[in-house]
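Presented sequentially are two complexes of chain A, the first with chain B as partner and the second with chain C.
For the complex of A and B:
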């Protein structure tokens, strides 16, 4: 009797021990979660605070901007936006230049990049690998190294200070990026899918447009986003290759840094507006950026 | 429907590999032809040339009476089933099956009707609205087959369509493919490395190895009179046993002899061995089913061996026996059981044995 009671007692003690261990594990898990959220919050703050600051500053008067103690609650004014986008010093033309140059150069880079990438991925021909490497090598030199020859070249063909001058530059730079990224995406498509389409009645071109392209949508979205961000933010070439007519927004903004000081309010207003198009475009593309569309095609 | 003819077909890849060498084949109309061989034997290259996915290096391929060498796949009137299904992942089952018809601009009513028929044949009607990625392997391959049959092509080409499936499903799909072929009566070219599949499905088998056609014939032909050592070893489960030796004649008696045993061939009447061209070294081929075992030596059971492994398989038992350092596989009755190390005496049924020329591998009886 006493032995069995002892056994039961030991079991009970054991159970209590297990429960305590479980409890301990749970507490640790909670602590870990709190730490993770704290890090995430810190990072979020670090990323978003500058944007918030730009936005708030763009709505302030000069007095509020230069106030010694930061003003957090104030009556917002649209005066900075009015000043920045109307009148003789309006940034609106530059914004339009940027939009046109970005859209056209991105479109060309993605369309031709996709075609080139498909060719390189699917056709075996002499020099295939050399060609691929040559395309990549165009990205290896730092832009500052060939800015002067490029200036001479663009000037020689008469495209200085035009949309097309920058469009050609940006397309050239983005194209190699698009080709390389998309080539990988095309290589990931099981070849049987395309062969099956060929047997089912498609022409080569239809296989490309109706089978391959839909399957690399995530890749297309990714290169479109990156290419447009590059073109939108590019500063060096825009600075050298434009004067007034085709000036883009990054160059335009620098105009607020004047001999009489920096006009922070308008600076921030334009800055905030300049963030928006890329942000909106990226959000629009986000649903295509999910990988794994080809999952389930084979196997 | 149409026959498929290959005339002196070669496939030489850019790197110099000769994948298919001077292949001559004819698959009669409505027949089921299996291209059988180990991996790298050229069967896939052959199939891909018939489909038009691979250029023909030299030679001619006809589908029906039409030379198809320079005709793109879409105009060859073929349909293909792939090993890894190759379904369009961004489409539903219905859209996948309808695809070949849509491309060819069939009207909607006919597409609907034909897809419905195909789905009914394959018993996948309830899957039609589903997405591809939610299907199991067996279901995917049914959809793949559906996409092939919906167009009623002249020739079906199947590239190891069921080798990705697990064993039980594979057996089930095998039966279904057979039924499908009987029902549709379509010329089918079927590529596989699995001889069981080939024997079960094919009207004709073309065994290939190293890019060369080893033998073409019905499954029975190949099993009963293999043209060479390779074909004999490739078909049959468990595989045929081989052992080297030579013929010896004295006083009108004929023997097959090697260092381990002597087999009297006086009872061998299938072919007149006296008329066979003499060769020095001969390989004897015996199927495991043609060996009878006994625990005691007698007049018939006079070849000595030792049990090496004994496998119980229910209705039959399978033994791996040692003759010298050679391993022989034999089938034994269910009630005959032996332990490893035990002496066992063999009787070889002379009716089904084969002799191969040791250097060329050719069957010297045919």
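For the complex of A and C:
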């Protein structure tokens, strides 16, 4: 009797111990989760705060902007946007220049890039690998190394401070990117489809345009977005190759830094307008972000 | 029969040529031509502001000048300091955050999608917003430090703090890139490897050290290399935030070459510096590519 009661007692004790252990484990897990959330939210704050500050500051008056204790609650004003995009110092022409240069250079880069990518992906020839790597290396090279010769060349052919000077530059830089990424996309599609189309009497060109291209549509969209973002954001070449007529928005923005100080309100307004389309496209491209950012090295 | 095979071979070659040649021509114009032009220019003295002195062959004189030019040597060391600190911090932070966001907790996925934003922000806007935040008088950073009792700092005009300030701005923009790619790498690791590790009785730490890290190494090497090559080009942040100052403490290679070419108009000398920069980048990337192939050979 007494022994069995002892066993039951021991079992109960054991159960209580297990429960306590479980409880302890759960508390620990909760603490770990809180820590994980704290880190994630801290990083979220670090990443988002500057962007938020651009937006908030763009809606402030100068007095609020230069206040030594930051003003967090205020009546928003659209004055900075009005000042930045109207009148004699309007940034609107620069925005239009940026838009035109971005669209044309991206279109050319994607078309020729898709062609070359297909050629490199589907045709075996001597030096294929070397040619592919050379194309990649043209994107990796530091732009400053090419700026002097390109400045001399573009000046010589009379394209300094025109849309075409920058279009040539951005097409070239984005072309290598498009080729490299799209080559990966073409290599991913099964070759059998194209082979059977050839048997069906398609010409090689038709196989490319009617079979292969439609299959890499997501890839085309991805490289178009990435190329556009590059051209839209690019600073160094635009700084050297443009003056008044074909200035793009990144160069226009630096114009707010004057001898009288920086016109922060207008800068923030233009800055916000300049990054907004990029942010939207980035969200649309989530799936291909890694592939695009690593030149297809990581999928 | 033989003829038709021949014919098909010719059309095949012609199609390949038609596809590849336009791109090759454009890239030759935009890449090969400038390279050889710069190489040739680097052996000449040519000052655009003094055309009367003309275009004069000087052999290796520009290179000799470079190696005894304290400003050039300073810019090399400044660039290397920037690259080493910025890329290591970005990597370590990105690596850690990737593991945090890889947990299956609610909301982590949404956070991952949002924190990627800085990567795509126009660099010139990024540098100006940090310029604003670092302002000694009305910057939000000094204000926040003031709340915890730290006296205001002269971030961008201080010889010791200017470089760290640039690094902070770069870390802000590029840590999400590291995080994103490492996270993608983590998610692509096959499940069975972890099951095997569990069967073998490896602890969590052992699994991390002996399974996760080795499998991630190729991805890590690639993104670190990409970041190093990119950080080497640093120009925008310097141009807007510090213009190389104070006292040259943030003058990077790209910025110094820009000054030589477009403020002193010494195009020949600038070209020589650019060639030296290319050589430096090639050496660094070769080291990485060696590692990468060695790693691949070891795991294979």
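Assume the second predicted complex is superposed on the first by the 233 of 299 C-alpha atoms of A that agree within 3 Å, B and C clash if a C-alpha of one lies under 4 Å from a C-alpha of the other, contacts with A are read in each partner's own complex, and residues count from 1 in each chain.
Note that in this section contacts are C-beta pairs under 8 Å (C-beta built on N, C-alpha and C of every residue); 3 or more make two chains touch, one makes a residue touch a chain.
Predicted model only: the values in this text are computed from it and were never measured.
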TODO: In the overlay, answer first, second, both or neither for which of chain B and chain C A:80 touches.
DONE: neither
- [ ] In the overlay, answer first, second, both or neither for which of chain B and chain C A:214 touches.
- [x] first
Task: First, second, both or neither for A:51, with chain B first and chain C second - done: second
Open item on the list: On the A-aligned overlay, A:190 touches which partner chain: chain B = first, chain C = second, or both, or neither?
Closed with: first
- [ ] Would you check which partner chain A:102 touches, where first means chain B only, second means chain C only, and both and neither mean what they say?
- [x] neither
Task: Partner chain in contact with A:201 - chain B first, chain C second, else both or neither - done: first
TODO: Could you look at A:173 and tell me whether it touches chain B, chain C, both or neither (first, second, both, neither)?
DONE: second
Open item on the list: Under the stated touch criterion, which partner chain does A:242 make contact with: chain B (first), chain C (second), both, or neither?
Closed with: neither
Task: chain C versus chain B, contacts on chain A by residue - done: C
Open item on the list: Considering only the contact definition stated at the top, list the common interface residues of chain A for chain B and chain C.
Closed with: 203, 293-295, 297-299
Open item on the list: Taking the touch rule as given, give the residues of chain A at its contact with chain C in the complex, in rising order.
Closed with: 33, 36-37, 39-41, 43-44, 46-48, 50-51, 53-54, 57, 65-70, 112-113, 115-116, 118-120, 122-123, 125, 131, 134-135, 138, 140-153, 168-169, 171-173, 175-176, 179, 203-205, 208, 229, 232-233, 235-236, 239-240, 249-250, 253-254, 257, 262, 264, 267-268, 271, 274-275, 278-279, 281-283, 286, 289-290, 293-295, 297-299
Open item on the list: Which residues of chain A touch chain B once you look at their complex with the stated criterion?
Closed with: 124, 190, 192-193, 195-203, 206, 211, 214-215, 293-299
Task: Touching residues (chain side chain C, partner chain A) in the complex - done: 11-12, 15-16, 18-20, 22-24, 26-27, 29-31, 33-35, 37-38, 41, 93, 96-97, 100-101, 103, 105, 107-108, 111, 113-126, 128-133, 137-138, 140, 143, 172, 175-177, 180-181, 184-185, 188, 219, 222-223, 226, 229, 232-233, 235-236, 239-240, 253-254, 257-258, 261-262, 267, 270-271, 274-275, 277-278, 281, 285
- [ ] Flag every residue of chain B that touches chain A in the complex, lowest number first.
- [x] 14, 51-53, 72-74, 76, 78-80, 82-90, 99-100, 103-104, 131-135, 137, 147, 151, 157, 164
